[in-house]
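Two complexes follow with chain A in common, the first pairing it with chain B and the second with chain C.
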Partner chain A sequence: MADDEDDPSSREISKCWLAMKALERHDLDECLEHCNAALEKNPYDQQMWYIKTRCLTLKNWIDDTELEEEGVAEVLMDEHATAAMPRPGTSLRRPGTRTQTGMPNQGIRPTTSSGRPTTGFLRPGTSTRPMTNKGGVEGAFRGNRPGTTRPVTTSGRLVRLGTASMLAEPGGPFINVDKLDLRKYAQRPALARVLCDYILHHDRNPKKAVELASLATVNAGFDDWWWKHRLGKGYYQLGLLRDAEKQFKSSIADMPTIDATLQLANVYIRLDQPASAIRVYRAGQTQFPGETSMLLGEARIHDALNDMAAGVALYKNVLQWDATNVEAIACMGAHHFYTDQPEIALRFYRRLLMMGVNNTELWNNLGLCCFYASQYDMTLHCFERALQLADDDNMADVWFNVGQVAIGIGDLNLAEQAFKIAVSVDANHSESFNNMGVLDLRAGKVDQAIANFQTAHELLEFAHEPLYNAALTAFKLGQFQRAFEKVEKALENFPEHEDSLELRRQLVQHFNLL
Partner chain B sequence: MCEYPIYVKALIKRQQGRIQESLQLFQAATALNPHNVANLKQVGRSLYLLGKHKAAVDVYDEAQRVSTAEDWEIWHNKGLCHMYLKQYDESVECFRSANDVQRHDTTYRQMGKVFTLQERYQEAVDVYLEALEFSPDNPELLTTVGLLYLRMGENYRAFEYLGNSLSVDPRDAKTILAAGSIIQDHNDMDGALIKYRVAAVQTPNSAQLWNNVGMCFFGKRKYIASIACLKRALYLDPFEWIIAYNLGLVHLTTGQCASAFHFFSSSINLKPDFPAAYMYLAVTLARLDDFENACAAYDRAAEIDGGADFTIRLNYAITLFNGGDAERSRTQFAEFEKAWLAADEESRAADPDVETQAETLRRALGL
Partner chain C sequence: MREQQAAQQAAQQAPPPRQVKDKNTPAWLEAWQDPMAGADAFSSCICTADLAGDGEFRLVVATAMKKMKVWNGTSLTSEHDLLEPPVAVCTFYPAEPKSPKRPSLAIAAGTHVYIYRNLRPYYKFTLPALTVDEQEIEVWKMVRDGQIGPKEAFDELANIRDAGVSLTSRSLDLLAMEDGAAGEVEQLRAAYCAAQAPEQLQHFTSITCMGSIKKNMDEWDATSCLFVGTESAELYVLNANGSAVKTTTRLPSVPVFVASTGLLDVDYRIVVACRDGRVYTIKNDELSTVVIELETQPCGLVRTAKQIHVACMNQVIHCYHAKGKKAYSLYLPAEITCIESMEVTRTRAVRCLLVALANNELRVYNEKHMVSKFDMMEPVRGLSFGRMGREDNTLILCTKGGCLQVKIMPRLANLEAVSQNGPPPEQDIPLAVPKKTKLYVEQTQREREQAVDMHQAFQKDLLKLRLNTARAYVKVMKDGQSPVNDSFEGVTVRIQASVQGLGPLFKIRVHVVNTGTKPVYDVPILLVPSDVDMYDLEEVIMQCPALLPGLPWIDAVKCRQKDPAAGAGEIRVIVATKTSPVPLITALIKMPLSEFLD
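For the complex of A and B:
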């Protein structure tokens, strides 16, 4: 550049070209540098403005096809409920209502902290379930893990991201959207599109984006799929789900795209209409065969509805298209583990290991598979690795599993110590409290056991084990009232639990006797 | 204020499972009419349901003072309270008085339960049999008697009662399990499996069921299926030592001694006083070429067992002989012969393999 310093026009062009090239290379910082330099000279340079807008959008872009966590406001002020009546098998709120024979039920396959059957892969949003009413305000504020809180609203989190991205810029925000005359921009399709994406992904101001997109779609004569798609996105972020649904549908009718299909399915998931979401994914699969994100999306819904068999078939399909899909491999591993095939599960997890996944959870699962496949020499090594990699979030889980293995080899002292460590790492680890209660009960420390079961239940409302254990203990002590309360709650969480049913039968017999 | 509606309301509350509220209502009814025995009885019952057994006994004493006629219900409930207070003799006394007034199934059942808790099985059976005299078709009673006979080792009579119970209520999982285990003991594996299939529909998560199914497959020499079933059982109830023991047996049979060792050792950890587990542990250790520890395990097994089980001695002798210690082997073989002569006909006929093994060893030792 130093060579042609005296020719201003050529320098100008080369800056622009350099910025474009940097953008192509995704070297966003370099691109920004060029843009800033050029815009300082001439703030009205439209092509540089265009490039900088693209660049900032890309810099702050996050994949929004994954379902995000629901906020408190969404949970408490949900006005989209289609029916207040329970809809067994067709609602994400009550995953337990659909069980099929031949598949492991809650007794074998544990549930997550929010009552969903565990899958092999932790995803945002799917590990929590949309709240049932019994949680109330308190339940709504409670986050995924005990002791954490939910964000207030989903869009609130986006807004925060937006302010963060603005603060990161020296010299204030690049575009002040509030001052722009959107009507003017809407007439210029190319500029309007980058501006719209900028508002959505950089400023995170869906209200403005909707304003711009609705003006633009009018200008485009209501037949531009792109604008409808962005309009839907904006509505979705604003929580106007029915409007979003309309826009996405219309966009797909004009021009089927993967993104719009995924977003439309997300809308249905938020509306708690899993059957419609599955229909959308199926339609998308015929349009885009081999698109794994749709297959995965459908599989996740089946998982959330407790329909494992259908989910597994889809995961297999995903692996046929993409043999390195971590989520599908992990879910297959979990499925085989819970259907008494730890050896096969081991192979899936080893595949993950070979693909370079190296974290606590994987080593932990490998350790459990080795244990249940009777490969004892490997078990402890795996847990050692898991503990080396563990941090405060997941160390308790590893120690819990060490405790389980210790029970498996009959070393109850080690088991108790492991559970104690788990609790000391994470004071909210409900499962460990429950197991400590069982061990206490075996050691004859009844009061301590009852206290442990109580703690376990408070920390994890959706588990039936601590409730049933507490009920049984109370029953044996002759405290029928308490036993009845507990067993009722246990059955709420797991309606088919045979032992709880038997216990309740006996209690009712006691009550009805005159 | 009216007494009867309060009484009925309290009954409804109890049926809904709200004992505390129902107790308050009964107490209110008692306050209105302290001379009505029915109210007092219900107060007592509420206290019993709430687990306040001592207070309940006091209330029943009061009720007995107030009431003019003898009432079996008061005696029965008092017996229950004493049972929970672990005062078994008083409890039996109360149940007897209740039966003197009027005979009831429940009283017999509870009395049997008290005897069972004290491990006085014969008396418990007598009580149940008496109860069966006037209600011969009660499946629960039949099952309980069957289980007691099973526990006392009288398999034939146990099966009789369990069979009767099943003909009344063919779907009761507990009965099926017990009957199946007897059928299994008589080597009719397919028959037992058919029974278990009925039970599995109702209690798919029962560790005991899966354990028995696993051992059925073991009896049919389908080892893979057996291991799968037993492992599921162990997953469901890791504290059950016998599942680990069975898994050890299956693994030993399939020649996977290292796995067998782990299962036997966990079984012993959970139940340290079962001699057969030590013996099989010793066999496993011998196969793994750990002669020293195998001998230690045999010693322990013999120590717990006290010389009743001749297989321990025989296996010990064989292991010692294979380990090259003919001298000690001879002493153990002598012990074996002593136990063999002391054993009854049935246990001698149980495994014909013992005799051939003993014969081989005798020849090898040159006796």
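For the complex of A and C:
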């Protein structure tokens, strides 16, 4: 096409055709240019209007099958209260309740700041535990990492995106949805569909989208899977999960689609019904064999439920279908690392490296794997790379790991320096505070150690290590009551922690003794 | 609960006798349960007896709510009010020739033993008064005569108490008047002295435990005597009518649990667990030299013909021979709430021990071996095993919530101990150790072959890393960027800063604490936004007058984002001193995105 630009004959080519071709090529800017030019001449050109709407929608399209981070409103005003009783193994809120044998526990495999087992791949949904509100209102406002905040609502972020996309347009918004007569549009299926997608993805106004979709679905006689799907999407964004569930189910019954299946599973995850979500994924897998997104979705739920063995089997399955799936490779790597096979984890991470992933986290993991697999000559080199690539968000973690390696080789001075740098980069790095406390204790600075454990605990309430360390310190100082309180809290976070149990046993024996 | 019914139930519910070997299948029949019985009682306040002399054993429970409840079968036949909270309930057969014999019911409460016959109050036995200390009498006499005022009396009595003299309740009540405003206490004491001084000074003690022992014949309806332990560390054995003290034994400490064997007139032993954590034996009116010392406080005592079982507060039951030699210990998974002996007489008698645990379990031990176990809905507070109605082997359970449960031991239940020899079954379960992979072997091979090169490369990298770390560390020190400074001029301060609110109005909370030993004065705390035009701060410098060691200094500053749509920035909080060019510490706050005001 570009070759023809100078050719005068190209001027005769219809703008509409050009725009359509540009849209096909996904050259959205060019498409917009053609559309704008045509619409300037004739604002009522429905053909061009259609193409421009499509184009703008595609431009602002984001994959909404991924689970977003929950907002403050979702956490605080959780109306989808299910059973208040503990549901061991069937709730995402309490991953620790699942009994598992032969898999690394909390003591070996660390948890995220919200108490969920870490996975090999960071996604907005993985690091938080849904609907957990431990610290009241203040806890709800706190984000994943300490020191950050949650968005107020999930849809709030979408609204922000919508506003941003509107501001980015010169001459005001292309379609003023509030002024449209949706009833009229609902009767024209082709136009209504692009308009609906436009409202959902460009304007981010689910309320209007639902309005349009419900009118259109009535016109279609309630048997159009597409409208039901969009209706479900709108309800989901509005937080009307049960309505969304109904629509998605109905849509899948009419016409099974990957998108609707993933969305329905998301609804169940939001409702904290992981077993239902898994059922949906399984049903989807029989419809669409080899669809990795469903396999991954199911694997993520198993991970979140602390059922690593089932998750790993699925990640393996994913890799059989798609050998370059970054998430599956990373999760397999993490799994092997935490099950004491760093040499295999190294293989997985190297594969990622060969695939062209080049970031701090990967180099950091490579360094750790090398260290624990005794490939010392490469260890520090990897960390050096990691530090070179690091930014403020992940540098603290790299320094923390440098400190860990330094402890491993017995260079406590280096370790202390590394931890101090880590906390200077990220003042909320709880793990570093905890380790600094341990080093302080070794150096005989007891008061500082206690203060460090306290800080570590305040920053990361779900961790058991700072509490156990504080309890042990108090025990050694003879403050048994304090030690008991701390060890009880540690056990609340990690009920099977053997050292804490032993310490509590000793304390109880001490209290009982005459 | 007729035997027929029980037999029917047995036919319906009891598993075949061979299956009872499985320890987890309950060897008990559920006979009756009343969750609303209001039977809140400890083991000592539960007993069964043939009160009417008709062979139907009634269940008597004296509850903590000062009620005595009597059940005949499953129906509550009578309820009696008690004057004081009961300590123990037991029955004894007074000396009388009449047949059929009917037992008397004794309820120990406060300083009295209330004796009921035919469920009617019959006689009240009061413990003999103790001698009052001379000095105490003197003090109260002086108070009565007006020689000393309440203030002096208080001091005098306090001195006497501190000298280790056991005071009367009157004096103790006076000494307890300590709370309230100064003038008020004086008035109260004066009023109390005026009211109490003219009365006769008497020193009573209270009952802590009670039991009964057969007098001279070992038959179930033979004449028996009561014995009571008191708070003044004495054990009284009463006569057969329960009207007078027959013998008194002085104990080294306050008795809490008692149990007896033998016949009073022939040869008897009363085992007493005391508050000093020792178990004493009284052998034929004399305190025996056999003393069992426990590691922790006792919480239950059971005496069988040859053995003494003592439950302790450290989740252990010790078993001793009658002479005080230890036989074995049972280590239990939770605190013991109560224990009781269970004697089942069949073709051969089986003696077991019932143990109720705080984790709602109820276990039956035959010697060292657990023969039965079941779970209750809530912890058991009191239990009793014996004859109820016409059923011999009945277990009566009172739970924490006042629920009453009756269970029957089926006659075919297997209570024989199956000893387990050899290693525990856990030993055969292999540990989940991951196999060493081929890759690992290859890598170790490489390590072995190129050890020198690897070591040299590692050392080189390590030196480089040390240098880089040291550089970064020095930079951190120089900039004062760390949230914890390390003894900078002998001052250690740490800071935590957080942000609250949805925006565009925020609140920045700063929490500074001096963890060192020296105070710091006059500390300015600066708030520096990364982009000056982004935020409007209410204050740019907060003045902290002093940071005292250990005391946190908390302050909050309002902050407003000028343009809510402009994304999010950062605000650096710097704690400085007036003497140093380098800040003490700094903290970085990542501001959240503002919500739109619309």
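Here, the second predicted complex is superposed on the first by the 491 of 514 C-alpha atoms of A that agree within 3 Å, B and C clash if a C-alpha of one lies under 4 Å from a C-alpha of the other, contacts with A are read in each partner's own complex, and residues count from 1 in each chain.
As a working rule, a contact is a pair of C-beta atoms (placed from the backbone, for glycine too) under 8 Å apart; a residue touches a chain by one contact, two chains touch by 3 or more.
Just so you know, these numbers come straight off a predicted model, no measurement behind them.
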Legend entry - Touching partner for A:Phe383 - first (chain B), second (chain C), both, neither: second
Inset, instruction - For A:Met355, select first, second, both or neither according to whether it touches chain B, chain C, the two together, or no partner. - result: neither
Inset, instruction - Considering only the touch criterion stated at the top, classify A:Asn512 as touching first (chain B), second (chain C), both, or neither. - result: both
Inset, instruction - For A:Ala443, decide between first (touching chain B), second (touching chain C), both and neither. - result: neither
Legend entry - Which superposed partner A:Ser374 touches (first chain B, second chain C, both, neither): both
Legend entry - Partner chain in contact with A:Ile421 - chain B first, chain C second, else both or neither: second
Inset, instruction - Could you say whether A:Gly410 touches chain B, chain C, both of them, or neither, answering first, second, both or neither? - result: first
Legend entry - Partner chain(s) touched by A:Asp340 [first = chain B, second = chain C, both, neither]: both
Legend entry - Residue contacts with chain A in the superposition, chain B compared against chain C: C
Inset, instruction - Show which residues of chain A both chain B and chain C reach, each in its own complex. - result: 340, 374, 376, 409, 411, 508, 512-514
Inset, instruction - Enumerate the contact residues on chain A facing chain C in the complex. - result: 72, 101-102, 138, 141, 143, 147-149, 151-152, 156, 159-160, 163, 167, 339-341, 343-344, 347, 373-377, 379-381, 383-384, 387, 402, 409, 411, 414, 417-418, 420-421, 423-424, 427, 436, 447-448, 451-452, 455, 458, 508-509, 512-514
Legend entry - chain A residues within the chain B interface of the complex: 105, 107-108, 340, 372, 374, 376, 404, 407-412, 438, 442, 474, 477-482, 484-485, 488, 498, 507-508, 510-514
Legend entry - Touching residues on chain C, where the partner in the complex is chain A: 277, 294-297, 312-314, 432, 434, 437, 439-440, 443-444, 446-447, 453-455, 457-458, 461-462, 464-466, 468-470, 472-473, 476, 481-484, 486, 492, 494-500, 502, 513, 515, 565, 587-590, 592-593, 595-596
Inset, instruction - Spell out the residues on chain B that touch chain A in their complex, using ranges where they run on. - result: 11, 14-15, 17-20, 48-51, 53, 84, 106, 173, 202-206, 228, 231-232, 234-236, 238-239, 241, 244, 251, 256, 258-259, 262, 265-270
